[in-house]
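Lettered A, B, C and D in written order, each chain numbered from 1.
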Amino acid sequence: MKNTFGQSLQITIFGESHGPFIGVVLDGLAPGLDVDEDFIRSQLSLRRPSGAISTARVEADEYTLASGVFKNKTTGTPLCILIPNQNTRSEDYDKANRVARPGHADYTAMCKYHGFEDYRGGGHFSGRITAPIVAAGAIAIKALAQKGILIGTHIYKLADISDREFEDLNEDINALNSKAFAVLDETAEGRMQEAILSAAKDADSVGGILETAITGVPEGVGEPWFDTVEGILSHALFSIPGIKGVQFGAGFDKVCRRGSEFNDPIRNDNGSIRTTTNNNGGINGGITNGMPIMIKCAVKPTPSIYREQQSICLNTLENADIAIEGRHDPAIIHRARVVVDSICALTVYDMLSARFGTDWFVG
Amino acid sequence: MKNTFGQSLQITIFGESHGPFIGVVLDGLAPGLDVDEDFIRSQLSLRRPSGAISTARVEADEYTLASGVFKNKTTGTPLCILIPNQNTRSEDYDKANRVARPGHADYTAMCKYHGFEDYRGGGHFSGRITAPIVAAGAIAIKALAQKGILIGTHIYKLADISDREFEDLNEDINALNSKAFAVLDETAEGRMQEAILSAAKDADSVGGILETAITGVPEGVGEPWFDTVEGILSHALFSIPGIKGVQFGAGFDKVCRRGSEFNDPIRNDNGSIRTTTNNNGGINGGITNGMPIMIKCAVKPTPSIYREQQSICLNTLENADIAIEGRHDPAIIHRARVVVDSICALTVYDMLSARFGTDWFVG
Amino acid sequence: MKNTFGQSLQITIFGESHGPFIGVVLDGLAPGLDVDEDFIRSQLSLRRPSGAISTARVEADEYTLASGVFKNKTTGTPLCILIPNQNTRSEDYDKANRVARPGHADYTAMCKYHGFEDYRGGGHFSGRITAPIVAAGAIAIKALAQKGILIGTHIYKLADISDREFEDLNEDINALNSKAFAVLDETAEGRMQEAILSAAKDADSVGGILETAITGVPEGVGEPWFDTVEGILSHALFSIPGIKGVQFGAGFDKVCRRGSEFNDPIRNDNGSIRTTTNNNGGINGGITNGMPIMIKCAVKPTPSIYREQQSICLNTLENADIAIEGRHDPAIIHRARVVVDSICALTVYDMLSARFGTDWFVG
Amino acid sequence: MKNTFGQSLQITIFGESHGPFIGVVLDGLAPGLDVDEDFIRSQLSLRRPSGAISTARVEADEYTLASGVFKNKTTGTPLCILIPNQNTRSEDYDKANRVARPGHADYTAMCKYHGFEDYRGGGHFSGRITAPIVAAGAIAIKALAQKGILIGTHIYKLADISDREFEDLNEDINALNSKAFAVLDETAEGRMQEAILSAAKDADSVGGILETAITGVPEGVGEPWFDTVEGILSHALFSIPGIKGVQFGAGFDKVCRRGSEFNDPIRNDNGSIRTTTNNNGGINGGITNGMPIMIKCAVKPTPSIYREQQSICLNTLENADIAIEGRHDPAIIHRARVVVDSICALTVYDMLSARFGTDWFVG
């Protein structure tokens, strides 16, 4: 399905970094959902670079609701969001002898598209394509919230600095969603930003791990094969540029332990069925058990660095070194966090809509 | 799509642990592929429990090629493989007041299927359903091998015991594929098996990490959004019971490092384009770069343990303790390895067939 | 998706006329549906040839419920139905120099499958593959009936003999569903059977038109683009061997008239919204309007005839004449009728399940 | 999949008649295809109303290539075409007590979207949404032409006036594609236009039958179940507003005849395999046989007529009469013809790309 994802709610993305528009089509939204433009704008601002820790390219991310909205409500027909590209400095990129940027898709794009790809600014591979996903995600996040489903992501680790663990989930989620730099431990924020600036000073970049909590998803959602909640979520999450690992619950952290440690004891807690630990991350046999869905995503360091690196020329395929000029971020993990939230929201919406029907979300 | 996966090659599975048949339908295979029944049987034997480290339930895994094969070649029409269930002791399971097994899908299945699920032996959630996947995978593995694409998986870590790293990939893969217990370091084999037996002695179980290498996949395969190679593979891999984390290349292991360490330098190596490290696991921007695809899967400890655990009764939802009787494995990771190989083979076949057309594999 | 159809309810078929098994996997059925084996058998008997007007090959159509059924109810996991092939006389077909049968898929199969196809008895193209569809359809028909949705098909026209028009739909549907030869006008039955026998006497065959009514489908089901009710139904119906045309409502019969004649006036009929004519066949803008869905299918004459026909040898591609020996029907339209019902039932179930959620049908 | 269609080439549409933009995303195009803007414009002009026989609303159909094009070639990433809505006179439609227009989707849309639909100008159901399909189709038509595949449609019948039959197919197709009013018999053009004007004078509308020929499609394309060429094409074609019937080859016209008349004799014609008649419309067993694909589509008379009709008020559901004011066409069949060509081109491109790989079309 390529640039389309989802079964009952389908998201289709398009656009290149330096083309006229990037955008998204959301198909399968219930009719009558609120389209909260302030919230869309505020979500977009979380993704947008700002300050010393981000790229100098600042986009206004003005968008147009091209279709699917009538009187501030979704119509139930495809909702298209368009974001025009501005502030593009194509001359930065339009060079006769491009050198493949290591860690980027320059070489793989050339192999796949036979040289016809729009390579300017990363083209269709640009992280900028996540802006429409964030705008679309904002609508899904609002719809889920009305059903009591909350999503929040924090920077679990950046370089060697760890945030504190989640405690009261809904409280922590609400706190995170009002922050531009999503950490739970306030002292970690400064240390992480220093680590980013330190990498920048070294003409380098740094990565880390995001942790996401999704609360309020009813039990019994997902499939044993092949559309497990883990499978669907990871499929979508790996689209986010730079994500190289996804785990649910304790994942890699604890799988080498004993079953008696990993299994989550089940209890009837005054009529509600809960587990006393959540190593399985809210999912058993691919299906939600009513506990929070817990996800970790490994986000690699931004591949664009000013340091000189070994590579090849894309024209001649000869060896060539490259020091990437232009504007780029020493870290993207703090911006990727809202993209993870958005992807999770769209995916959870889709699974709920497939399970309970398209009218389940009708306002 | 639930129990069907794939775009150009589609696999559909069906069956319950104690029903008449389990099976698989493979649709989209090229016509004219060899159907090597010795290889199918040998792959099934790798998944089948054996010896002290495995469950006492030994299945012959006799299978029938129900359709899609003519004169020992694939016809190009759906190939169905049936495996009858034998040696089922349903009385082990058919109890009036079932207690949910922690870490299993008993509770989530009841929520999803409203109590109509066939719960005997885990029903449709049973690891036994992976047998048809292995049989189907055998056909894909053979087809890929004829195109120079090899797949091998080793137990990277079990409890606190690590295998050695991959060295010469194709040589290591060939060595692994002739072993019943897939480790590269021969001294690790005994220590891992001891760890399994030690867990068994403690009425417990143990998990670990599998690492898979896929060599020979041409560059330019995969999509930037959403059908990244990572997304497609992880989607399928998370179906394997017990897998709770998937990473590509260095994944979680190295994402907290600097970009200059994580980026893979690119070189023209006598006309072939290679990277000198492979932290990206053979994939950039969701698309293969011609380097080996490297995957790690976190396999949780078998949830079935003889120890007493806290849980609830599925009838009354009251608290109830459970010590799981019957036959179960103290570890499944050594058996899961061939399932991982099979899922990878089917998925890679699918991506190649979508890219290069269904005739690409025609013999 | 090839041999799989449907979004929320998916049907996958497999098998060849002379292989070990033909079968079907139904995935996405609600849990708890009745599996009425008497009804399955009775539906299969409607498809099975019988008497002078049908082929001499009589199949018992014994089937096995291989999975997805527990205590006579659906489990919600894939339901596989297997039908073993018996009474196959492969020697009729296994000839060195096969001549392509005109109107059949012999030549196109060879082009597509490069000669690896199992050509015996039409292989995967055999009308026999519709038997599992009928078995699967029986489950869907029962589930729909419990929701007040009825489906019936009659032979609208055969050769130059017309049945009477539908009158009281539900009454007519019930009458049809108890008949082996589905005509509303009892006098038409004899004349149509004579026309079939007359064609047989001439070593020839004859075709006709089936008309189907589906009553009780709620309004608001279907999509404007591309998953119109017409699009989904026709997509599935054209799979039935021999169907070369599909129309809804007045279709070809009246499109050349004026809008004032074709438009269906809308009335509030004591609180229920109805149209006074039904030229649109219950569908406006791809979406049901609550009126009966009316479908006509053009079923071509059986291509297998004893008369000599011009053709080519599939080995040499040289011109060669053929008089098709063996057992074949002078008409299939009276047997195809239950296949049409089944395909409609599966498709309508799918659309309702996608719209209202998988639990809508839960018993 | 709702507003997305296709497997290897996917088309997604969005927009409402009176919203900011309508548009299309084409995903899966080979990289390096020519994007011929003159041809896109000329195709759009064939769909656009003009003259006395069409609606007074004339749209410039200015479009923007929002993505997927670089240096006048496709990039291989999603190609989005945007068409802004202009000349919208919403006051024509924005009335407190709307009456459902008979034959239109007003009532079904309200049922499906619970009153949240953008009803102005038909909203997402408007025939105007076909403009982006025509723009997208222009790219596919060009790509097919470079592979020797031609598509042409004529008005086979309008009211009681018939065009002549196809004779030399490629010559006739070329002639049709240069005409604004697609008939082969020049004398039929005037008579058909008179019939349209006569209907207009009667405050009425008129429909007819389109016939399409597709030449040059290689043999061996399509699937026996369920993705037959007929199934895929009809699924897409029934999306076109007003199409109520689709047949292939002789379809309804001849199915009541004998097999000896309907079967197409096969001949080796100097090394090329051809049939001497083409009653099967180029398709046997769902798969192309190398002969031209012949399709007929029944296009109902435009439901918008000035005459008074019986209907209901959408607010109160009470009976109410309606005489549709505003601008509308006495016939759309002459404009629908380029939409049929476009849908056929996109669908055939998709099937070829799935069969032969995405690179098959690479320039």
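List of remarks:
Here is the rule we use: a contact is a pair of C-beta atoms (placed from the backbone, for glycine too) under 8 Å apart; a residue touches a chain by one contact, two chains touch by 3 or more.
Remember, it's a predicted structure, so these values are computed and weren't measured experimentally.
Interface comparison, A-D versus A-B: the higher count of C-beta contacts falls to A-B.
Using the average of C-alpha coordinates as each chain's centre, A ends up farthest from subunit C.
Put simply, the C-alpha centre of subunit A and that of subunit C have 45 angstrom between them.
Centroids of subunit A and subunit B (each the mean of its C-alpha atoms) stand 27 Å apart. For the pair subunit A and subunit D, the distance between mean C-alpha positions equals 38 Å.
The set of subunit D residues that touch two or more partner chains comprises 1-4, 7, 13, 77, 112, 124, 224, 359. Taken together, the subunit D residues at the contact with subunit A in this complex read 1-4, 10, 12-16, 19-23, 25, 27-28, 31-32, 64-70, 73-80, 82, 112-118, 123-124, 359, 362.
Contact residues on subunit D toward subunit C in their complex (touch as defined above): 1-5, 7, 13, 100, 102-105, 107-109, 111-112, 124-125, 129, 157-160, 199, 202, 204-209, 219-228, 230-232, 234-239, 241, 243-252, 254-268, 273, 275-276, 279-281, 283-290, 296, 298-305, 307, 309-312, 317-319. Remark: subunit A residues 7-8, 77, 224, 354-360 touch subunit C in the complex.
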